[in-house]
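Next come two complexes, and both contain chain A; in the first it sits with chain B, in the second with chain C.
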Partner chain A sequence: MLRISADKIYELLGAASAAQTVYIPSEREDGEAEFKKYESGMKLTNRLNTLRSAKDFFFPQTEDLVEFKVDGKNIEISDVRKESEDFIIFGVRPCDARSFTILDKVYLVEPVDSFYKNRRDHGTVVTMACSRPAETCFCQTFGIDPTAPEGDCSVWNDGSYYYFKSNTDKGQKFIDSVTSLLEESDTAELDKSIEKTKEVMKKLPLANLSTENFGGDKLNEYFSSDKWAELSESCLGCGTCTFVCPTCQCYDIKDFNTGHGIKRYRCWDSCMYSDFTKMAHGNPRLTQLERFRQRFMHKLVYFPANNNGEFGCVGCGRCLSKCPISMNIVKVMKALEVK
Partner chain B sequence: MQEAMINKAKQLLADGTVSRVIGWKRGEFAYDITPAVFETAEELEKDFVFDDFTSANVSKYLVKESKKEGKVLVFLKPCDTYSLNQLTKEHRVDRDNIYVVGIPGGPKLDIEKIKAKGITGITSVKNDNFTLKIETLYGEETMPFYEAVLDKCASCKSKKHVTYDELIGEDGDTLESNRFDMVEQLENMTSQERYDFWRSELSKCIRCNACRNVCPACTCENCVFDNPASGIDNKAPADSFEENMFHIIRAFHVAGRCTDCGECSRVCPQHIPLHLLNRKFIKDINSLYGEYQAGADTTSRAPLTDYTADDCEASIVHERGVE
Partner chain C sequence: MNTNDTLIPHIGVVTDIRIDTPDVKTFRVEAPEGGKVFEHMPGQCAMLSIPGVGEAMFSITSSPTNKEFMEFSIKKCGCLTNWLHAMDVGQMITIRGPYGNAFPVETELKGKDLLFIAGGIGLAPLRSVINYVRDKRENYGSIQVIYGSRSKDDLVDYKEILDEWMTDDGVEVDLTIDNAQEGWDGHVGFVPNYVKELNPSTNKTVLVCGPPIMIKFTLAGLKELGFTETQVYTTMELRMKCGVGKCGRCNIGNKYVCKDGPVFRYDQLGELPDEY
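Right, the complex of A and B next:
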């Protein structure tokens, strides 16, 4: 496998960023990590995950869709779409990498979302295998192997070296662009480090969480469960879980009157919000119980029902860390599960 | 303390004083505690928890819970009692339907501060004589207790319960706190520096509304920012200016009513120091209208909703009244 000594990784990022924009997970002053445009002098974070997920690159929180002006009976419409430039996201964790597969199932099926597709086409996802999973991690539950990440190019770090393997043409192009810095080597040291991670995976507190009793055919078991009332009781109805979630994909479309015309934009929506799915006739989800239920039913039942059994969660653990009242999908699964 | 609280709750449930108990429920890990309503002794014994991580102010749940059938028992820390008083003053809760047991306050811990040290795989956190012993999947770590204390507790203003039906333990006093230090630092900045500080902080906002939804002073049935009929509803930071305005408008709306419970900053996933906006208002109100603590009582008139001839800008009203 190709590798580079850990002390030379910034040389590699520098070389890659000469050709196109590279984003890396880097630490802020408050200790949280976020993806930032790589510039010389920046350091990769030691934090396992970024606070916001990597979905922002393909599905930003807000974007303009179209602009128009009304003048009497004429409407002047302008297409604001711009061709995205090529970019690399370096250091995407295996959970976030899988989230792109899930988002693709929503946005790349007919009718294809051209805004999303444009960014997806231009983005190269370079993943980073995990070596220090956190107590909040449960990607294994969804069949993700954090030691074998997906993406265009997979990277492993055993402490001394970074190892590279391409999975797609885009990944190969990335490796080709930095190939002069890489050396061929065996993987004996890396294999040892992967084994160690696999041992930790077995000891994770959520290692035994299973989706066995969830899926597309469980609508009747769970929709009317009497557990929802208790589970949703203390939910604040904020959007934190949905906004840090790498797979939450719902959006709202609104018109903004600029005073000189209309900007039609879309922005992330949250099923936790009171006006979510509000229609001309009113709102089908009148209380927090129904809104709360929607989020978890979507991930554990509706999404697999429509996507050959694939669940709408990747076990990244962000909602476990960030919910102001510490209610989350793990607690819901454990409370709800009928064996 | 936890055991004393469980026993008290069981006793009050058993003798019919209350029919429900608001407290905190144990989670999957050492720190992920959820506010919860308990209805039976079994539930209390199984899941009720009170420890270094039970920081959530549960007083806002009383808006809903106090209107249900039967009296509700609530355990309130000193800071939380100010919130309840303010809610009582604003007629947002039915105080007669609430049985308050005052319990000792913090300092409580902030798991984010522990994680920010690079400590991960946390399986337990124990306070050993003000050193935290943290068990992780990667071995034991230690850190000083006070480095992991929540910001809201680090500038605690009072150990006194301003409302209660009974207390477990002794009541304390209001404290000389350092809570205006950072406000003073901001005041001493140039306006450009201050502007840059707030733009940098507020631009992190993801508009999750956690600050608003947790805030005991934010109890509007339908927030203007959620109401499509208001014309200013929005659910995304369309630009950073809009986000700035959301937080500034919210701070204005709770001015004179904010008890400085600190929940807004505690729950912010982006660690924006939102409480500083509120503290600036509190500090200004103190200097312009005399010392005032929202929630200290349930009867006094609040400076911003009261008129006296001594008001700092009384002349505006005086002049308008003059022929």
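Right, the complex of A and C next:
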């Protein structure tokens, strides 16, 4: 396998960023990690994961859809779409990498969302295997192996070296662009390090969390469960879980008067909000119970029902650490489970 | 970027505005160069918008057999619909679609005796089907329309009903209003009760649309009369933004009303959670 000494990784990132924009997970002043455009002198974060997921790269929090000029009774429409530039996201964790294939099942099915596809086509996902999974991690529950990440190119760091393996043409192109910095080596050291990680994975508190009692066939069973009242009782409806979630994909479409015309944009929305489904004649999800239930039913039942059993969660654990009332999908799964 | 995207709308021009009732107007929409902006099937919907005001989903009330224009019967009940009601002929709007499935006019409904049951503005989506089957009369059996509103003045498309539907051979129209009023010598009473009184043959396939409470009691009445859920179709409405099952809000269980609906057969709807 190809590898580079850990102290040369910034040389590699510098070389890659000469050809196209490279984003790396880096620490902010407050200590949280976020993806930033790589510039010389920046450091990769030691944190396991970024505060916000990597979905922003393909499904940004806000994006312009179309613009209108309104003049009396006349309207002119202008298509503001531009071909995205090529870019590399370096250091995406295996959970976030899987979230892209989940988002693909929404945005790349007919009718294809050209805004999403544009970014997807131009983005190269370089994933970083996990060596120190956290207590909030449960990607294994969804069949993700954090030591064998998906994406265009997989990277492992055993402390001394970064190892590279391409999975797609885009991934190979990335490796080719830095190949002069890489050396061929065996994987004996890396294998040892992976074995160690696998031992840690077995001991994680959520290692045994199972999806076997969830899926598309459980609709009526769980929808009418009397557990929802208690589970949702303290939910503030703040939407934090949906904003940090790598697979939450709901959006709103709104217009903004720029003074020179009308800009129509889309932005993330949240099923946790009271006006999400509100209509002139009423609201089918009137209380937080219905809104709370929608979010978890979508991930654990509706999404698998429509996508050959695949769940709408990757076990990244962000909602576990960020929910202000410490409610999360793990608690919901444990409470609901019909044994 | 030269691919089409469904979120980018087309221009439509409002070429005629008909005042149907005190709060319902019917808008005729054509492409700027004339003709329809796109083709549709009965029951499908379109997203209409005034940039800067809002965008919402409306059922296309005209029949696809109309080759010149599309029509939308719209009740004034919010920000966008207030704006639409205030506009004049010649106004441009934006339009995208068509969205959703359609009433199965070329499959399950073919050759059947049809019973349409509508309440208030609920006639709008059914009018598309009614005029479609009237225009393709040879493909269908008998046609009966039971339609009711709060008052005579609230009957949508009243002129077309009197002048065209009621004069059609083989089309039975039964109208009712909630309360007696001067100048009305027709039936008085709620739609669900009227359906029971009329006691239609259980051979018929039923298409029903109206306020939720009317639909609920109508369905119960039909069951009493011996109709089964597989004989009854309705069309749903929930809040929508994208129209293509991606923005995530119009789902009932795992079905998106914008994409898997808006038309559902009652037995299919019965399998979904009661959240609409």
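Everything below uses one rule, namely that the second predicted complex is superposed on the first by the 336 of 339 C-alpha atoms of A that agree within 3 Å, B and C clash if a C-alpha of one lies under 4 Å from a C-alpha of the other, contacts with A are read in each partner's own complex, and residues count from 1 in each chain.
Following the convention adopted for this analysis, a residue touches a chain if its C-beta (ideal position, glycine included) is under 8 Å from a C-beta of that chain, and two chains touch if they have at least 3 such contacts.
Just so you know, these numbers come straight off a predicted model, no measurement behind them.
Trainee: With chain A superposed, do chain B and chain C clash or fit?
Mentor: Superposition result for chain B and chain C: fit.
Trainee: Who does A:L206 touch here: chain B (first), chain C (second), both, or neither?
Mentor: first
Trainee: In the overlaid three-chain picture, which partner chain does A:K43 touch, first (chain B) or second (chain C), both, or neither?
Mentor: After superposition on chain A, A:K43 lies in contact with neither partner.
Trainee: Specify the angle subtended at the CA centre of chain A by the CA centres of chain B and chain C, expressed in degrees to the nearest 10.
Mentor: Apex at chain A; the opening toward chain B and chain C is 90 degrees.
Trainee: So, does A:K192 touch the first partner chain B, the second partner chain C, both, or neither?
Mentor: neither
Trainee: Determine, under the contact definition given at the top, whether A:D269 touches first (chain B), second (chain C), both, or neither.
Mentor: A:D269 sits against chain B and chain C alike.
Trainee: Quick one: classify A:T277 as touching chain B (first), chain C (second), both or neither.
Mentor: second
Trainee: Could you tell me if A:F115 is touching chain B, chain C, both of them or neither one (first, second, both, neither)?
Mentor: After superposing on A, A:F115 lies in contact with chain C but is clear of chain B.
Trainee: Which partner does A:D252 contact after superposing on A: first (chain B), second (chain C), both, neither?
Mentor: Both partners, chain B and chain C.
Trainee: So if I take every C-alpha atom in chain B and every one in chain C after superposing, what is the smallest distance between them in Å?
Mentor: 8
Trainee: Need the overlap of the two footprints on chain A, from chain B and from chain C, as residue ranges.
Mentor: 252, 269, 278.
Trainee: Using the touch rule from the top, collect the residues of chain A that touch chain B in their complex.
Mentor: It is residues 30-32, 46-48, 51-52, 61-62, 132-136, 200, 203-206, 230, 233-234, 236-240, 243-244, 252, 254, 256, 265, 267-270, 273-275, 278, 320-322, 324-328, 330-331 of chain A that touch chain B.
Trainee: Residue numbers of chain B touching chain A in their complex, please.
Mentor: Within the complex, chain B contacts chain A at residues 27-29, 31-37, 56, 61, 112, 115-118, 120-123, 136-138, 206-210, 212-214, 222, 226, 228, 233-238, 266-267, 269-271.
Trainee: Can you tell me which positions in chain C touch chain A when the two form their complex?
Mentor: Counting only chain C, the residues touching chain A are 1, 3-11, 51-55, 77-78, 81, 88, 90-94, 211, 237-239, 241-242, 244, 246-251, 253-254, 272-273, 275-276.
Trainee: In the complex, go through chain A and note every residue touching chain C.
Mentor: 65-66, 68, 70, 73-75, 77, 79, 81-83, 106-107, 111-115, 118, 216, 219-220, 223-224, 249-253, 255, 257, 262, 264, 266, 269, 271, 276-281, 284-285, 290, 294, 297-298, 301-303, 305-306
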